[in-house]
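Shared between the two complexes below is chain A, which has chain B as its partner in the first and chain C in the second.
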Partner chain A sequence: MEQGFRASMNWLHTWSGVVLGGLLFAIFWMGTLAVFDREIDRWMAPMIRLPAAEKTFSLEMLRPLYEVAAAAKSPTFSVGLPTDRDAAIRVLWREQSGPVHRFVDPGTGAVLPDPGTLGGTRFIFPFHYMLHIRIQNIGYWLVGLAGMAMMALCVSGVIIHRKIFTDFFTFRPDRKPRRLTLDLHNVTGVLGLPFHFLITLSGLVIFWATYFPSSWQVTYNGDRQAFFTDAYGNVIPKRTGEPGGMASFDAMAAEARRLWDGSALRYVFVRNPGDAKSVMQIGRLDEGIVSSTYDAAYFDGPTGALISYRAGTAPVMSAQRFLSGFHFIQFRHWSLRWIYFGLGLAGCVLIATGYLFWLESRRKKHAQLGLRGVRIVEGLTIGSVTGMLIATVGFFVVNRLLPLGASALGQDRAALEVWTFYLVWLASFGHAWARPQRAWMEQCWTLAAMASAAVLLNWITTGDHLLRGLSYRHLWPVAGMDILLLVGAAIAAVAALRLSRLSRIAQVRNA
Partner chain B sequence: MPEAMLLLAVFVAAYVGFAALAMSQDRHWHHVGGGRHCPRRTSLVLRCAGWALLFAALVLALVRDGASFGSLLWATVITVGALCVVATLSWRAHWLRPAARLLQHLG
Partner chain C sequence: MQRTLQRVGARKAIPIIVRLVAAIGGGYAVSAGLAALAARVLPVTTAMPAREAVVLVSMLAFLVYLGLLIWGFAEPSLARLCLILAAVGIVSWGGAFGLVRLASGG
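Presenting the complex of A and B:
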């Protein structure tokens, strides 16, 4: 019985890993990068490399943009206010042609030129949770499936691990590849288990209303808006079509601050801008707690009168908000941010070594039996691991190569960057299947070269070289990214050198 | 500055704690230059010390960051500490040799 159960768990672990590992790696990798999404934005959009605003600024400087949004009959007008990580104001509204994103310098009130990139917050972060597949929410569901698989992998992995305590600290880098990859898989899996399990669970809990819709659909008769109004307390007015003014932004912001004892503000959000029934929602910035609260104050737009406000959450939602906050890390805690990044990378190692172990334990047998499985999965692994890394770095490189306002084949600059990412990723799979013997090594060299090129191009195109980046506080995110790119390049180069030495040894042996 | 010192203290407590737990196992005890088997009493002392240090790391983390951030910091830093112990045992096991020798003398 025991043997049968363990064997079936082993089967589950092996095959859900092989089938969904590539997807899981992409999600883990993008999530790890999303830890620094705003820092990546600063690297990719040089116009927002601004020093932190020194004095408090007037929100009235945003009124001209608000008028544009009102004239375009945009359903919403949203403003992300600067934080410790973000010096520029982010403004978003919707026009006939699509959403418009603008950065505003809080020091001068100037609207900054369009950076022409989706950057970290609009490409990498959404990729992490919905893969940019919007049709029928398929992206969310695929990520949800991968998340559930990850939980099953965590549990089944613990069950099939034969010597969990004896091997707790065991990694033998001098052993054969099969043993070495299994050691590394076990160590990152067991030691990282608390983090990996919780981060996956909390990721699923964030989208509970999507993944478990029956609960609210039954209670609210399928009325999603009514449910969200109750759960999150949003005030959602109906558009009248009558024009209406907007009271002083600053007066409402001051009132919101007063309600929360002087707490800083995270965002300003207007529903129905320019309408007689517009509502201004102002959100509180909570950098000091784990929980991702949604404290907000609602004002009647034309009069500026307070409609309602909220501080604190109902018990069930507060659990959901704590888990969300744990996952979103919008709090201000740099040590934890770096630890998340490191443990996220450990998760990537866990997934990659799982694949490598699968390959190493079947390589000989498949070669003897003439099976093609190893070759197919090896291509899948190379494309999912080094291919994903190369595509990401390619995204950074092309960002520094394209001039502002560039367009080709009817695609604007931001879309061209995204196309580059996907084409490079696709090409890496083709390369891996075409040249299985040398693909690992060649892709490692490519990665090393491209990561170094990204750093060099950043220097050439913006003048912010590493020393300059390190000497100004507001350029630290840029310098940090340069350093990580260089470290990544060095690791990739060392890996490539070792692989080429191994292949030379193998050639000599075979000769 | 005390913030940084406390963070370092949390990490060091977790690292030394896990190092003690690792050395209490025969395989690693042997690996860092102890005998073939870790003597029972030494193993017990190492285990108690290891758990006590992990607990100390929790207390330090709570002192530094309060209940919610502190527990989160502890839960993640101990993983980092444990991974560092694994790296030490794999590539720099001789760093732990003096500790093993000292314990042999005492035990």
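Presenting the complex of A and C:
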């Protein structure tokens, strides 16, 4: 341990960054993409590239699916209603074989073919907060640890930073690479500091009940459901086993809208479908405020009678809902959405340049002392940064290559996409450790090639090329993703070119 | 040279491991204990309903934990760090469970 406050903070900053930076980069990168998760869905599942429904539709069109869920004795039946970003209705229930997800076209009521992908909302977004590690909630706890480390990094970073005001205006791209990476680290760190601190804190606060269960355990005798019933007013009926009907969906929806002065609806959720004690929960959509409200109305399923409803929340819970809403960005504001995306990318640059600075300041010393630290951390950095980007783009490419209904080795199409992601990511680490001299450049070239291929494959398989995408409002998300992929490809190609020039200069010098 | 480095490394490693466990594990245990105690105390001493107190202390616990993490790595005396964390941990968890038993009449 180092002596002195600033020195100890320097130690904390350095080592928590080196140890957890790879995990943090993955979380930041996936979170940045999750800002546009529904747009990614539209790109990856061409059947939901629908124009926004022109007229209001009848929820009764979902009754056939509801009957299927009821016959399968699914514990729940959940319907996500269209929003500005999402034209299709999303339906989810559970069968013996597992969860069933369906998209429904609100214009025609037709059930759309299974896209065979987890897309942005079911792969990228959950990866961001639980890494798809479900055993014992380990994924949540790893993300929580990384989140606490990020806040500690923010605090220790400010403390070790001597000239925070001067460096705010300092960027010296013409200087040595080490100076440049530190400047870039400082610029993204200082400019993004309020955002990075708050986005991390709010992300942790969303899962407060998971991370600090002690508080509700001692007040509610360890009964999680008792707490949530008290705090959120949830109505959770016990299944009777007797069959029961379901009143008119539209009548209940109309009643819910009336309760909230004509506000739009976000979801419809049935507990115990098909049972005599089924309860229909209808949630309110409020895209005009930051806070992620949980206003809901509860109806008795068979009779359609209103059981209870809530509007507005108590002060502390409102603060929690505000922080959650600040993180979830479900409000309707495109410029803010892009700012979130940009600041998320700044966070990725911050983490990557932190690694580069660590490497550049130790490279010579480690070579003299014969230490392997630089080589190990460099492989970790390459795999975590360019490897993660390649794996993500590989996920998009394979999505456009696999035909609908494809399966191999007992894995369905969606699982094959996920396998591709992880195998490509793993391979990038192997490549980075096997060829440390050339890995950065080669992975940049791979990234550029694959990102361009993704755009080309989208054109070939769906016909929605960039110009077509730009000329229809409902294809803007597709065009936007194509543009970002092309910009990413260009940046990767420029980086690869520069790296190859540098390595040629080095070769000439060494010769 | 290599061997001296290794021996110095081993002597340095143990305090670092102790500090990591104290700051990360101990810091978490103390913040969770303080949250539990405050969640029991606040509804009794103020007009705040229990459900609100639970959410409030859990959100604040993240900041308490952050403070403990920073202090855990800044405190020069490892012994003092461990002692204070252990003391606060015992008092907070003991207090919280004591209040639970008191309320259930046991």
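Assume the second predicted complex is superposed on the first by the 508 of 511 C-alpha atoms of A that agree within 3 Å, B and C clash if a C-alpha of one lies under 4 Å from a C-alpha of the other, contacts with A are read in each partner's own complex, and residues count from 1 in each chain.
Criterion: a contact is a pair of C-beta atoms (placed from the backbone, for glycine too) under 8 Å apart; a residue touches a chain by one contact, two chains touch by 3 or more.
Nothing here was measured: the structure is a model prediction, and the numbers come from that model.
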Joint occupancy of chain A by chain B and chain C, clash or fit: fit
Touched partner set for A:216, first chain B, second chain C, both or neither: second
Which of chain B and chain C A:11 touches, first, second, both or neither: second
Chain B versus chain C as contact partner of A:195, first or second or both or neither: first
Chain B versus chain C as contact partner of A:404, first or second or both or neither: neither
Contacts of A:342 with chain B and chain C, given as first, second, both or neither: first
Partner chain in contact with A:305 - chain B first, chain C second, else both or neither: neither
Partner chain in contact with A:289 - chain B first, chain C second, else both or neither: first
Residue contacts on chain A - larger count, chain B or chain C: C
Minimum C-alpha separation between chain B and chain C after superposing on chain A, in Å: 20
Footprint overlap on chain A, comparing chain B with chain C: none
Interfacial residue positions of chain C with respect to chain A in the complex: 15-16, 19, 24, 31-33, 35-36, 38-40, 43, 48-59, 61-63, 65-66, 69-70, 73-74, 76, 78, 96-97, 99-100
In the complex, chain A residues that touch chain C: 1, 3, 5, 8-9, 11-12, 145, 148, 151-152, 155-156, 201, 204-205, 208-209, 211-212, 214-221, 227, 230-231, 314-317, 319-320, 323
Chain B - residues contacting chain A, complex: 7, 18, 21-22, 25, 27-28, 65, 68-69, 72-73, 75-77, 79-80, 82-83, 85-87, 89-91
Touch list for chain A against partner chain B, complex: 166, 168-173, 187-188, 191-192, 194-195, 289-291, 322, 326, 331, 333, 335-336, 339-340, 342-343, 346
